[in-house]
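Each of the next two complexes has chain A plus one other chain: chain B in the first, chain C in the second.
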Partner chain A sequence: MTLIDLVRKNLFRKRLRTILTLVAIFVAFVIFGVLATFQNAINAGVEVAGADRLITVNRINFTLPMPLAYATRVAAVPGVARVAHAEWFGGYFQEPRNFLVAFAVDPKNYLDIYPEYIVPPAQREAFLRDKTSILVGKSVAEQFGWKAGDRLPLKSNIYTQKNGSDTWDFTIAGIVAGNEARVDTSFVMFHYQYLADTRSFGDGTTGWMILKTTDAKENARVMREVDALFANSAFETETKTEQAFNKAFAEQLGDLGFIVTMIVGAAFATILLIVGNTMMLTVRERTNEIAVMKTIGFTTQRIFGLVLGESMLLALIGGLLGIAFAWLISFAMAGPLSRFGPIAFSWDTAATAFVLMAVLGLLTGLIPAIRAMNTDIVTALGRK
Partner chain B sequence: MSAPLILLKGVTKSYTRGKQTVPIFERLDMTIPTQDFVAIMGPSGSGKTTLLNLLGGIDKPSGGEIVFDGKRMDNLDESRLAGFRAGNVGFIFQFYNLMPMLTASQNVELPLLLTKLGPKARGDRVKTALEIVGLSDRARHKPSELSGGQQQRVAIARAIVSDPKLLLCDEPTGDLDRETAGEILSMLQTLNRDLGKTIVMVTHDPEAARFAKRTLHLDKGHFSEKDLAA
Partner chain C sequence: MGRTLTQIGTVTAMNLRSLPQRKWTSLATVVAIALVTGVLLAFLAMANGFQATVAGTGASDVMIAMRKGSESEINSTLMREQVLLLQEAPGLAKASDGKPLMSPELYVIVDGIKKSSGLKANLPLRGLGPLANEVRRGITIVSGRMFQPGTNELVVGRAVSKQFRGFELGAKMRLASQNWVVVGEFDAGGTVFESEIWADVAVLQGLYQRGSTVQTVRARMTDPANLEKIRAFSEADPRLKLDVKSEKDFYAGQSRNIGDLILYLGWPLAIAMSFGALAGALNTMFASVDARTREIATLRAIGFRGTPAFIGTMVESLILAAIGGLVGAVGTYLLFDGLSAATLGGNFTQVVFSLKLSWSLVLQGLILALVIGVAGGVFPAWRAARVPLLAAFKEQ
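Our next item is the complex of A and B:
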């Protein structure tokens, strides 16, 4: 037997109570793990945003269009290395519930500006060559089982064709992968020109522009000068860094960080009370045993360590089980929820969870451990 | 007579209850020689258990000196007192005070977790201690699976496993029937006679006191001595 065995035996001496407490900790860590993973997915765009990329949108609202001619004028602003433009298609496959993040883009510039999108050279060439081709993000392709060469009819909930049809026919030219796991590939992109030639309205307009600057240090000046170009026009613009734009876009769903913090905070405050109360009860019940241990020579520090070790072990077991289960859930959700971003359990989440386990163990064990440490032998054994 | 293991010199002890100071001992002197087996008797409230606590270093005197094996122990800090108890004193309680989640052998091993002994050496000592108390066949049983007498034997094994010089017994047979009490007291006699343990036993029972070499009667903080073993 070792002191760790002693901690373990003490922890599981009232099995039902310990299991119920572990379930409470388990649930809190599942909530934390799943929400943090979801938040990471939503924020992935913010984290991978290029420091030298700017987004220019219509000043009134980013869903409103702007003249396509702006792209040429913006390209002439000193400090702008490259300009691409994109349009929201509002696409879906067969039924509205098969909603897709679909962009009509300026293909070459767009792919050049986003080097994190990896397309095999042959597929890239095929895409650039054929105006009716489409590139499909890897997670979408996996979700629907699509591959290069497949025919893909897409509908739009915004546009109709000049001929009255609401369906655009595409050929999948290739699959877009990310250069790292957190790059979102839950989208499809096709030629802006195909949309411009066929849609029944919106001539000469596009949705937004992506500007690559020569140096991130130029961003502030470029943003000012671009917006100044179109000031007092019918289509005023607002230019932001890509990171700021993606963050604002993600927060359309609400301040996720705040929501996650509140939910996780409530869950942890609850288990803090439950576990803290359990530990207090445990120590109170064992006052006599603690006094006996002190009598036979256990120092106050050792008693403190044993009780604190118990609460730490409790938090660690419940927390690790919870985080493991959250990992399984995120693994299972990766496909169905890929439209929200790359759902993947991150090491950062695991590290944060580990810190939370330590804090939980410490906070719930500290007062009972001090109480145990200060147990007066004479009083506890009723010998006065 | 052997050299003194414990010396009490002018020990005073009092407790504060509310605004009142209740004196227990005033200038108490006592000598316990090595390998002595002394029973302490006296009416309730006479200070028997307080004396045992002072001898075991789990309580401190209000004044005077307590010398153990030639060294003062009344002025040790909490941590050193814990070390003193672990190395020199074995405690045997009326209600056994075993850890319910541990087996008999694990209960006996408990004091050895405070030593630098390795698992094998600890295992050997536990085996020997359980053999001495005749409970080798109950090593894997938990306290709830043992009778009162067997539990007290496990407690004795726990008390002797670290080979202390002094055994302090607080009403060790107070919760046992006459026959089992006799067995436990005989065992204490054996530990005293064969292993040279110095034993101080608090008891209300004159029959139990007869197993000791001598009996000290404590009343109102003072001793009167009768040597029953003579």
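Our next item is the complex of A and C:
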């Protein structure tokens, strides 16, 4: 019988206890897997942000407008390859609770600057041609069951039309997909010009600009020069990398990283106690048997390995099952929760989980293993 | 009956007295249950604190008018003409000169830097009309003074100066190429207003090139019941047709979404973690029953029944769970109660709130702990009740 056989047999000797311990480990890893996936979804904007993309917003706050004319002036700054502008529409479908992330954009430049948005060429052409058409992100289209060619009336909680109407009519030109799972597609975008021509106020202004630089190395200089252009005007600007902008945006919700760390910490502290305690109990019950094993020639190293192996195996089985289940959950949540961000289980999460399993197995097995290793044959056998 | 009770008492006492022999395993269970209770209570305290702050804002005798469908102040726009029409609305409280107590307000967002993260976050900058002080009550300047109308002066809520950098008394800042200075700090009784920055509406209109438009109108009513009359007045005039709500209802509506979100996260998490703690409790209690097998069998042999063994084990489990629950509650109270946090509220701006435990929340936490105790005790207790007599002679 090899050491591994022995470890396996030992592990399931008290079946109920082992299963219960496995459940505890399983739960902790499910919590870790699901929370890490959520956190990734919220931070996805930070990770997929283009290194050569900058965002220029109104210096006072990004919700305030800036003159449309800025786009032309910024395009002339050396190092700026492309400029697009966009504006928040505050859109909803039929009722305010069907809230949509709707942007009024400068269509051609916007699509060119975001190569991660994939639109079939024919749909792209149709969108660029028709001023009243709209592109719908894949996750929104799936949520509402919309497809290309559908009519889509949208209302805004900010704007009204000059003619008094509160509804803008669009035709869906196509569906925008992401080039990878992490790309968020929970938005719709339409022609800025359509909004500008019809809205009752906001003449000549837009929301923010997206700048593509010729090289990420130029970023710092471009940011400085762009903001210098508008210094001391009524609309001062602030330019940041897209990554910095998205990070600050995600942080507005609260210190999510801290909350997730606290919960995962509590969950792991719990299983550390439970598993460690079970291992101690197990070794104590087997004192006699360990003494016998030592008597018949098991080395202290093998005894040590036997106990540590058991706790490692326990952590590994529970952990792998937990991570597999978390993967299933994130799969199931991806659809219904897509509006919060792209929910996709990442390999990084799996790798971290693996490290956690090893640490858990080590920490819970170490003291019992040392104790087993140090079992004194005479005392143990004489204790009866 | 009396004898059974005596037996129950005896066995329970024996169980509890032998607890120190199993102190490490029992302690592990207690701590596991304490952690589960703590996580649940932290979430509940967060939801409770947020709701208390937002739902506690606003008076029922103040009405707020916004553009229809705008849902929040930040999205609303009202024309000067509409403000003037509203002044004729029935049921409004009047100042001594006969003018209605009304405050046309602007609500714009400025950046503040959070002390905790060093990152920028949205802060509301509210422009107040000249009569605002009489419309809103319960505002006191705690240091400095109120802003002078017509100047670039700001007053900030207490929560703003506590959570964000650069808003101390006398601090200077630049907004749209003009210099501003913080001249006062106000207390608004722990409401959302404490997360705001206030200035003169006319100055802000100029600064933000809003011409004569505002975003919302607040007005004091002589009676909360007048709201219906004002609403009817607004509906009857095609130039108005505004959303008219009481300020209290407006904030109650805003508190719901995020408060619910925190709750919907907290309970499932706590329940998932409970399964882990339950597994630990079961292990501990089974080990406890195993360790006492001889003792229980001996008691059976001298005439004790199964019921006392069952109840004795249950009591032990429940006591461990109750201690865990209490430790969790006290720990949450010491660590988190009163802790200040900030998140995005309904107006897309930061709402600063404090985590707040209450007795009813602590009760919910204790119930969760006791449920774990019952579930973790019942199977081991069942095993204890059925220990065969022969086990008394089994070697341990």
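Quick notes on this structure:
By our rule, the second predicted complex is superposed on the first by the 380 of 384 C-alpha atoms of A that agree within 3 Å, B and C clash if a C-alpha of one lies under 4 Å from a C-alpha of the other, contacts with A are read in each partner's own complex, and residues count from 1 in each chain.
The working rule: a residue touches a chain if its C-beta (ideal position, glycine included) is under 8 Å from a C-beta of that chain, and two chains touch if they have at least 3 such contacts.
Bear in mind the structure is a predicted one, so any value in this text is a computation, not a measurement.
Applying the stated contact rule after C-alpha superposition, one finds that A:Thr278 touches chain C and leaves chain B untouched.
By the touch criterion defined above, A:Thr63 lies against chain C but remains apart from chain B after alignment on the C-alpha atoms of chain A. Looking at the shared chain after the overlay, A:Thr299 reaches chain B, while chain C stays out of its contact range.
Counting the residues of chain A touched by each of chain B and chain C gives the higher count for C.
In the superposed model, A:Ala122 makes contact with neither chain B nor chain C.
Within the superposed three-chain model, A:Ala220 lies out of touch with both chain B and chain C [touch as defined at top].
384 are the residues of chain A that lie in the contact sets of both chain B and chain C, per the superposition on chain A. For chain A in complex with chain B, the residues that touch the partner chain are 1-3, 6, 9-10, 12-13, 288-289, 292-302, 377-378, 381, 383-384.
Chain contact summary for the complex, chain A toward chain C: residues 16-17, 20-21, 23-25, 27-28, 30-31, 59-61, 63-64, 90, 96, 155, 157-158, 160, 166, 201, 231-236, 247-248, 251-255, 262-263, 266-267, 269-271, 273-274, 276-278, 280-281, 384. Note for the complex: chain C touches chain A at residues 24-25, 28, 31-32, 35-36, 38-39, 42, 67-72, 74-75, 77, 108-111, 114, 116-117, 119-122, 175-177, 208-209, 213, 269, 272-273, 275-277, 279-280, 282-284, 286-287, 341-344, 348, 350, 395. If you check the complex, the residues on chain B that touch chain A are 15, 49-50, 53, 56, 58-59, 78-79, 82-83, 85-87, 91, 93, 97, 99-102, 106, 109-111, 113-114, 158, 170.
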